[in-house]
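Chain naming follows the written order as A, B, C, D, E, F, G and H, and within any one chain the residues start at number 1.
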């Protein structure tokens, strides 16, 4: 049984590559989808498609149209959502994607360093599981496939 | 990941062929579905199947039965809806299909010339993205597949 | 695009064979599912699996358990429901399956002789289309596939 | 706690008056709604509002529009549906309303003479309870209010 | 039983006053809601609240935010939607509101002059009833309350 | 038509192997999924992934996170749920999975010894069918595939 | 803001009176509903309404019809569900009602003695909160009303 | 028409009092609900009800149970959600509540200083309206009530 996993969260380091590599090492039959990981392109996609915008607010508005279209399609296709929270940045998109997964009744795994326990406590409470690193998240998924 | 795209909108020119050709040029793994594009057949389908009707109203009633059956099935099977609005015609079917997509939580791309911005503003506001031509719509879909 | 069609309605003649043969003649990519067509077995299935029942009411109760399980699974898997009403019998199962299809937002085609128009008028009004014979029903489905 | 009860079923005798009178005798806080009980008006309502129609089929079509509008509003407002089946008539509307109630997750009580057990067995199987007369239906509702 | 009616459609004449007056004459217990009927204010509401916008597109964008918020709240509260289509204007908002009502399973009455039958045929087909004037729409609602 | 069956219930004996073997003997095209059957691992999975917990309550809390994640994914993928109740143990997980299946409109087969009829009567009443052994459950599924 | 609370769980002692009395002491604006608390009547309600049944299984079957009708109506009307588990009895009805509440997205409070932690761990994990006594459950509800 | 407004967002200053006062000045018929605004009590509520916990993580876990119960009930009762984002703190709860509102199809107004435009762009894009201060949010709600 193949599962599609949406990898929500920050796009400032290469944690998604780590997930994919470790899933491969475990021979897990997973497909991964997620947001545009090229941060500049994600910010510029509105102007890339629609042309120059009058100001930075309009630029952001149009970029969010295309980013949300992508998330709408790919999150909708996924069986499980993994949302990673790091110590930097606001990461409201991560919280938005995680909450959308919960509201759509999609299983949700949160990865966060223990230090973020307090500000994430209500969101963690609604997730299926909260772990501290990529290995633990993959062991949680491995457990779904294990027969003993 | 193959996606099925419903092409809503006017059936008076061959814009759908343009979409399909350009999708092929981009090697996008898309299946396209949509309404009957033969306008006369679309108007006559009720009488074609059920026989002559007493007046033009009954003829239209029966035609709409079969056209709505087709849309019901194919829109239900689609992952994304593209709705194109042109400058002519009432195009209430296009607005109906676009609104149905929104209400069914299906991602929606509107294509319209900029001149139609004002009458379409509330519908555009509810769509994921609004663009001005077929190329931009396909670039929006290409962006869903791009990894960087 | 393959479609699965649930064939609701009386199990007293072989109209389903007629549908399947004519679909094949048209090369339509359809899978057909439906209720148990062996009437005796449909009536006896409760006792067949659970053993003799104390009276005819209990026998009917257990039979309906298994018949409804079958319908629950197969109607749930279908893309379109065709419900045929004939001139004989109560056919409340047909009305139940047709109404369930409507409530589940599944496209519904009703086949009935014109003489039944009056008692079926409210149900017909909620169906996508109402036709008078198997040929017309298949032409309605053919129309979904036609490109011109 | 007031409950609204939709009384689906035949409109050929005055069983609804019986229900209302007996509910009053029990001091049950119930509001009753249901279809138009004047059979002629129910058949003629299309022409009453839209004017003469070309033939009996068109007359029936328009009547069903208004009857279904009424049912749509009132069934939607109800907390429980009681559907009575008698020995005469096709009663496909009753089966339609009962099935719609089930599909909308509304509690359903079926009243039918025991002789109809066989043709109604699958529908009875999906209802909450099936009883044989109005008294039993009201005792079922009384039981919801009883504290001991 | 009070019902709330959303009056969708053009805001260029005073048809809503006509509806309200005639409902009062019939002593129907109806509450009416709908879009902002002051057309200029509807177009300017974005700038009224958020201040001057850089261009007419941004002005329209912000106006649609507030108009859609209003519709979202009030359509959500309504029991029945009446959508009136006139011979002028694009009226895509009316088609959007009517389609949203259908998708939300809210009963829908369309009012349109007979001349618009052809372009509205698919939308009419999905509405509960289609009538030609305000009187007929109110008679349809009256019929819901009539007991004989 | 392949169907996926979730096997809910106690993990204290090997009844699931019995189901799988008998399904194979009947050549039924079924995929089986279910909870972790290694009881110790099911109890320890929280500490296995997250490390030692401060007390037995915390250990149980974390274990249930991972067990519920597994059930969430696999029950969501299933077409039919079989829930087996035995004479020992509380089996609240079985009741939880069975009730979740009902609430998600998934077909449900309960297997229980006749002696448990009384305490299971309300849950049985909401299941599609209740049988007494694995053979009967598979005959119920066989019946879905039989054409006569 | 009045809230309606469904009190699921065993009907063998008077814990519901305890809840009601303590809610009154706190002046909480709560309405309480729940199952028939007279155990004998709950077991006999089928025969009370439908007359003597052929055997104990049929007696139980008919009783569960009426008990489930009651729960269907009253659980559907509730804003919060409290499910109490004691140390005796199977209490599968309690698990069924609690799971139904979760699946219907109704807030759920579980009351159970700490000793039941292990067998209830997966159900507790899906509840909003799990407490050990009636006082704590009411303090949880009090907290919803508190402004500081 | 009274509306209930859930005030999501930080509980570190008294912006909710500002909303309530200004709503009163405008004579808007609004009821306000929201999270516990006493920050210490919100952090301590788990231990307040369940007693001392072994460590700060367990303390947070239990607190989030009760905070989420409160939000579950009150957000579920609301007609509109206002979510305020300030420049300090992680505010993942605000993002969670805002996203839940969107997923539940509840109208959403975001208040944020313009400086937060970039990190909030995707969430703003899914909200109905985004404004910069309390006054503008109330003018948006006032507009729902205005008849001209």
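Methods note: a contact is a pair of C-beta atoms (placed from the backbone, for glycine too) under 8 Å apart; a residue touches a chain by one contact, two chains touch by 3 or more.
Predicted model only: the values in this text are computed from it and were never measured.
Set side by side, G-H and C-G show the greater C-beta contact count at G-H. Distance between subunit E and subunit H, defined via averaged C-alpha coordinates, is recorded as 31 Å. In terms of their C-alpha centroids, the spacing between subunit E and subunit G amounts to 44 Å.
Within subunit B, the positions touching two or more other chains are listed as 61, 65, 68. Chains touching one another form the pairs A-B, A-E, A-F, A-H, B-C, B-D, B-E, C-D, C-F, C-G, D-E, D-G, E-H, F-G, F-H, G-H. Contact residues on subunit D toward subunit B in their complex (touch as defined above): 54-55, 58, 61. Per the touch definition, subunit E reaches subunit B in the complex via residues 56-57, 60-61, 63-65, 67-68, 71, 85, 89-93, 95-96, 98-100, 102-104, 114, 116-126.
By the touch criterion given at the top, residues 31, 33, 36-38, 41, 45, 48-50, 65-66, 68-70, 72-74, 76-77 of subunit A touch subunit B in their complex. Here subunit B touches subunit A in the complex through residues 1, 3, 79-80, 105, 107, 109, 128-132, 136, 139-140, 143-144, 146-148, going by the rule given at the top.
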